[in-house]
Amino acid sequence: MSQKDGPLSSCRVLDLTDEKGLFCGKMLVDLGADVIKIEPPGGDPCRNVGPFYRDIPDPEKSLYWLSFNTGKRGITLNIEVSDGRRIFRQLVERADIVIESYEPGYLDSLGLGYSDLSQINPGLILTSISPFGETGPYKDFKASDIVVMALSGYMSLSGDPDRPPVRTSFPIAYCFGAAGAAAGTMIAYYHRELTGEGQWVDASAQQAVASALLNARMHWDLNRVELKRAGPYRVGLSAQGKQLINFRCKDGYVNFVMFGGKTGAKTNRGLTQWMESEGMGSDFMNEIDWDSFDMARVSQDDFDRFEGDIERFFLTRTKSELYEEGSKRGVTIYPISTIRDVFEDPQLEARDFWQRVEHPELDATLLYPGPFVKCSQTQLRPPSRAPRIGEHNQEIYHNELGMSPEELVMLRQAKAI
Amino acid sequence: MKQALEGVKVADFSWVGVGPIIARILAHHGATVVHIESETAPDPLRALAPYKDNISGLNRCAYHACLNDGKYGVTLNLRHPKAKGVVERFVEWADVVSESFAPGVAARLGISYEDVREVKPDIIMYSSCNLGQTGPHARFRGFGTNLVALVGTTHLTGWPDRMPTPPYGALTDVIAPLFGVSALVAALDYHRKTGKGQYLDLSQFESTVHFLTPLILDYQANGRVAQRTGNTSPYAAPHGVYPCKGHDRWCAIAVHTPEEWKAFCKVIDNPDWTKDPRFSSVLARRRNEEELNRLIGEWTIGLSAEEVMVKMQEAGMAAGVVETPGTIQDNPQLKHRHHYRALEHPEIGLHHYDATPFTLSKTPCDLKMPGPCLGQHNEYVYTKILGISDEEFVALLGEGVFE
Amino acid sequence: MTSKEVFHDVKVVDFTWAGAGPITTKYLADYGATVVRIESRSRPGLLRTTPPYKDGIPGVDRAAYFGIYNPNKYGMTINMNHSQGMELVKRLIAWADVVAESFTVGVMEKWGLSYEEITKIKPDVIMIRTNMQGHTGPHCRLPGTGVNLVGISGYAHLCGWPDRLPSNPYGPYTDTIAPRFGAAMLIAALDYRRKTGKGQLIDVSQFEAGVNFIAPVMMDYFVNGRVANRRGNYSPRAAPHNAYRCKGQDTWCVIAVFTEEEWKAFCEAVGSPDWTKDERFSFFLGRKAHEPELDCFVEEWTLNRTAEEVMALMQAKGVAAGVVETSADLHRDPQLKHRNHFWVMDHRELGSFSYFGQAAVLSGTPAQPRMPSPCLGEHNEHVCREILEMSEAEFDELLVEGVFD
Amino acid sequence: MDEQRQGPLSPCRVLDLTDEKGFLCGRILADLGADVIKIEPPAGDPCRNIGPFYHDIPDPEKSLYWFAYNANKRGITLNIESDDGRGLLSKLVEKAHFVIESFPPGYMDSLGLGYAQLSQMNPAIILTSITPFGQTGPYSRYNASDIVEMATCGLMYLCGDPDRPPVRITFPQAYLHGGADAAVQTLVAHYYRETSGCGQWVDLSIQQAAFMTTFNASWFWELNKINLKRAGAWRTGLTSGVLQRQIWPCKDGYINMPVYGGVLGARTNRLLAEWMDREGMSDDFLRGIDWDNFDMGQLTQEAWSKIEELMVRFFKSHTKEELYSEALRLNIMVYPVSTPKDIAENEQLDSREFWLQIDHPELGETITYPGPAVRASLTPMLVRKRAPHIGEHNEEVYGELGFSRDDLIVLKQSGVV
């Protein structure tokens, strides 16, 4: 009988992160952990990050917050005051994992660093997520998405050559770092379950994003060739020129990457025949023997010419037509999807990827991404609503830690919760 | 040195990006991983630049080496009738079996979950591909470079007045493995506690789309289809990259709050234009962003990107040099983090490998072995690890089972 | 020329007695209104017959209690049972913008001076009636003083020690609450009348006004069913939080520590003795759980210092503290002196006497001391002759008739 | 007619920057019909942490204290410490009639928002500053709280038992006296402005406002050099030195009946004595007293003790309800010591429809509020709506100034609103 709420049933996580680490907590929720999001009294500052429900900038209407805190339980706690720290230590005694994304050294300054927490709970795993890591010359650097994208080297490769390098308009650097942190946390958790030994996981967003350079870095490492951003063209495949990979089509843009040799032969031949069958054949492409086609030996003029033929053909069809029909013909053409295309994607639809989450206080039902992996035995937990500010204070402070209502009122007035 | 995943045994039939990266991260943490390829149908990655000295060759491709370091490399021709016996030996040995062919190919090659489960009922197997094992588009071919477009990231990169420009390379190939490792290690833990194995169907599309969830909700709640906006941000102004001294050198700067704006003006010596009402408030700065960026560019052009970064950071502002593939390996922070580890590759020679983005204090990752050449460890793996007798090994070798 | 008084054109006929009524009209009088108090020579009000008296010798014009609420007002005595007395009252009402009264319900009606009747004399008059329990309802006619009302409106129950009888806060406590609401409404009504020409009837219930100052306690009962009780000097928001005995006879200083920073500052202020490092006091809930013991330690420290020293040492560190001021302290309080809280004016019987001014300083039109409080009937002639422009003969006739007895 | 329903101050707008020291001032102006806009810091007013709380849940949107003294107000969030925040505030001030605040003296000046600057923005503006001891003077920089105000205004020394420390009224009162008095002073300034067109600065000292609660006590010192002391349930203030009991235990609680001499007390004392006699709880001594000439000042302790003993026994034989209903019938001054429960069930308040049901949709129920303290035939004080949620009217109010929803999102994220 398969488990419905992920493989990590009995794992308790205390989530102190802000936007640099929320995603790590979310992944652990999906894997089945009981994640308690600890916010400062008054709510987490990243509840002010948009977009917002109906564009109303209310801390309970941040779609950013709702996205990356699904399924967490929410409490408010101020670890800057003694009462807050005492309660936090009580929670740490019962926790398996603590994840945080404060400035490096901040928890130590409060007496809550790894050395302190591991005395309270030797088996504890502390995952610290930061833009550049807990140590090193940049550890105290102030960061934001664009700065991490810049310092990881990744941003230098996107955008048009006649304009500055450009980042993806929606911030992903912190999700990157947090996803890396989740992987590291799981490895540490595996070790702990085996040996009882906890440890400190130090995750860096810069390193996570830097690994996306992949072979671009290797061009320099091996042959001191530095790749440059080239707009909708691609470099790095054929050492000679740049090869267009984003083409206009009837209702937007599509992505078509031409590979040489055996890898690309089937696709290239399929496209050439498809264009020919539609009376829009390209003389140049018809003559090429695709099996032995070597990108390196194609001149830039030839590239430009047949790319023009291809675009003329694509302009006669929509994204989905090129995608669906192309696939039937073994021609790999992917739509450059807008968010709407992604939301309406038939593949995701068919795999019941989008899952309904009720939002009674917004009196709305929204569809959220489903499990990031389909597991046959331990299905990942379906998404549920993110917590409101302090929603589970009673449940945890009163029911679990046994604090009386009077004490909770006093703690509230002392700005501890 | 103790390692977290010591004793975990992985038979890695996967190729290209996501599958091998997942196995690689396990290898760095102590798992024994055997990367099984075939000379007759080599990993497409082995046919991608860069090659050592720009001379192509299956064993001269750094791309493949850097995604398969830490693994034993063997070759096995799965289409060969005798291959089935060898596969069974691998499955008996392994805790985890992985593959990342297009859906259906694994079944044809006899390494589907059904095949493997027959040999070892509690085996853990993961398949990763672009669009998942089921659904109408499951069999659509494509690499990470295509998926980046499908998942919506390409549309969101570039300038509003121009075509979308792709983020570099197979971005999704680097994101999906982080999900894969998390789920796989959770499955390993679950298996250790319950004895139950399972099959993991990792669709790279379905994992990486999680990063854009807020925009999915924005579309549902507000009917807005997010557009690319260059380097602007709704949260900050000034916000972007600014030209610095030297060829194509840039520094990113992000100013979020009114207090930071005051500090920013101080750093650039409070030129008169900073008092211009067009830049007097957050909203005003957002409305006149182009002019603002131009004026800032006039200041940054006189300084190196490093100088701009240091000046800003000292005043408490987020700023950073736009590193390039050519400068990234000298980045002081990545150097300190020991992110790039040099290993001596038999054909490529000394070159650098990315460490994992997280450091575990007691069981850190350890990069010991460079990427394997094709079939480099055939003899060791088949005789020492799988325990095939020398005679049988030589016989199978003769029959071309290991091509 | 003194800056123009705000209510220089406002005329008030003031029948009120005791505290609440006069305090309400004092707001108008102190800011320049012409307020004429109507009293009875035969039955002088309660405040004229309550100590303290000048030199301890009782006398209707020697009572401080009447004095402090009636500076800047004219005093008349009119015999309301005399027909010509009633005529005089009606002439005054015709002259007035505001008629104020605070008798037990029914007294004005008995004199034929209900709101309906006086609007016949002055259609746009504003009448303000301050009563114990409002102007309507089954209990509105029950006589009583402010001190009675303190009990029924919950303040006796909420003052004192949980292990002892309820104890009234000093005096008719609710008499200081109703006048604020009454005066606010009165001034707003005056402003509204100036713009629209319309007067109205204002009905102030001291009971209902009093309950407004414990609104959250009532809502706590309605919503949570909790009956709040007196808890001495306890506060759920601070510790230490009490009055601490100081050096000297029955001298005290209160100290209130709310935040963690203030606790650290408090520890420094008391010289960081060992007990401040006691783990039990290192966090707020600990300080609350061991509050009695904590208070003992604090008092050990305050006993060696005067209340003034304790206040100064605490405030120097930003900790809220204050001397529990006695009557004597109030009259030498440097802050009250700075704010010239007390208006010293010469009174025929009380001599050089301190009245108290308004709690706010208005930058443009501050309240001004103009006249000491009136002796009984002191301005009978002035009001009739100067204000009502009565001929001397007419006034003498009323005098002879005993209209002013 | 509806114009009167809006209250006499209906066209005026008040910008309410106060904390608990000034809430009631804004509330009274709102009850009088002014459009009072409560301006809170972006994360909500820290005073939302003041109990009691709805169902004892210490949530910033469930503080009954907040409900009580911020009803009838609209609510926006604004960070006046940031340049942008001050820019917004000055736009609001231009259209406002009143600004009320209770920051430490000098704070508004330090932000360039003191009276001098505000009156440049709007010459007719009235600024009301409510502080513990006033803007200037030796105590003006002192940190205060309710108990400090009760101590320094002279009331505490007169309350409580002689053998114990002076005591304050358990439910904090000082700031309510300050706020209510400030409302009157503000209206005085308003009345002046409506004729002269000039605004002004109202500097209210809470110590002076609370001083009024000491009534004639301090004049015992001025006239007779007597320092009155607290005397618990007994009565002070009389020269004879005889301690007369005011609070009498009865069967189910307490009665509050100070015995008055002279004309004032005659009728009550007589009818009470007759009532006791009817129930056989009198004696010759009591029957012999001529109440018309009964003088508390000349009473001997021995005579008083005899009376007291009889009355104590009599009151103990009846409940509060019995004693008060008979007192009502006889029309004599015998009052109960009400607990909040008694007040809630008080017949007089019910018959005057004093308790109001105010709707709280977010809690899914209505809550009972005390009605206005004053009734007026033409322009009554009205309790129209519940207190605002954090930032509830941002869109409405900033919309008037021409800010769009997108602007508000940017302002939210940069910590301005």
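The chains carry the letters A, B, C and D, assigned in the order they are written, with residues numbered from 1 in each.
By our rule, a contact is a pair of C-beta atoms (placed from the backbone, for glycine too) under 8 Å apart; a residue touches a chain by one contact, two chains touch by 3 or more.
Small disclaimer: the values here were computed from a predicted structure and weren't measured.
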For chain B and chain C, the contact-path distance works out to 2
If you tally C-beta contacts across B-D and across A-D, the winner is A-D
Per mean C-alpha coordinates, the chain lying farthest from chain C is B
Chain A to chain C, mean C-alpha position gap in Å, rounds to 66
For the pair chain A and chain D, the C-alpha centroid-to-centroid distance in angstrom is 54
Between chain A and chain B, the Cα-mean centres are separated in Å by 12
Contacts with two or more other chains occur in chain A at residues 49-51, 55, 406, 409, 411, 413, 415
Where chain B touches two or more other chains at once, the residues are 234-236, 256
Chain D touches at least 2 other chains through residues 50-52, 56, 406, 409, 411, 413, 415
Per the touch criterion, the pairs are A-B, A-C, A-D, B-D, C-D
Given the complex, residues on chain A that touch chain C span 81-83, 86, 406-407, 409-411, 413-416
Interface with chain D, chain B side, in the complex: residues 234-236, 256-259, 261-262, 280-283, 286
Counting only contacts in the complex, chain A reaches chain D at residues 41-43, 48-52, 55-59, 389-390, 393-394, 405-406, 408-409, 411-413, 415, 417
Touching chain A in the complex, chain D uses residues 42-44, 46, 49-53, 56-60, 390-391, 394-395, 405-406, 408-409, 411-413, 415, 417
In their shared complex, chain B is touched by residues of chain D numbered 82-85, 87, 403, 406-407, 409-411, 413-416
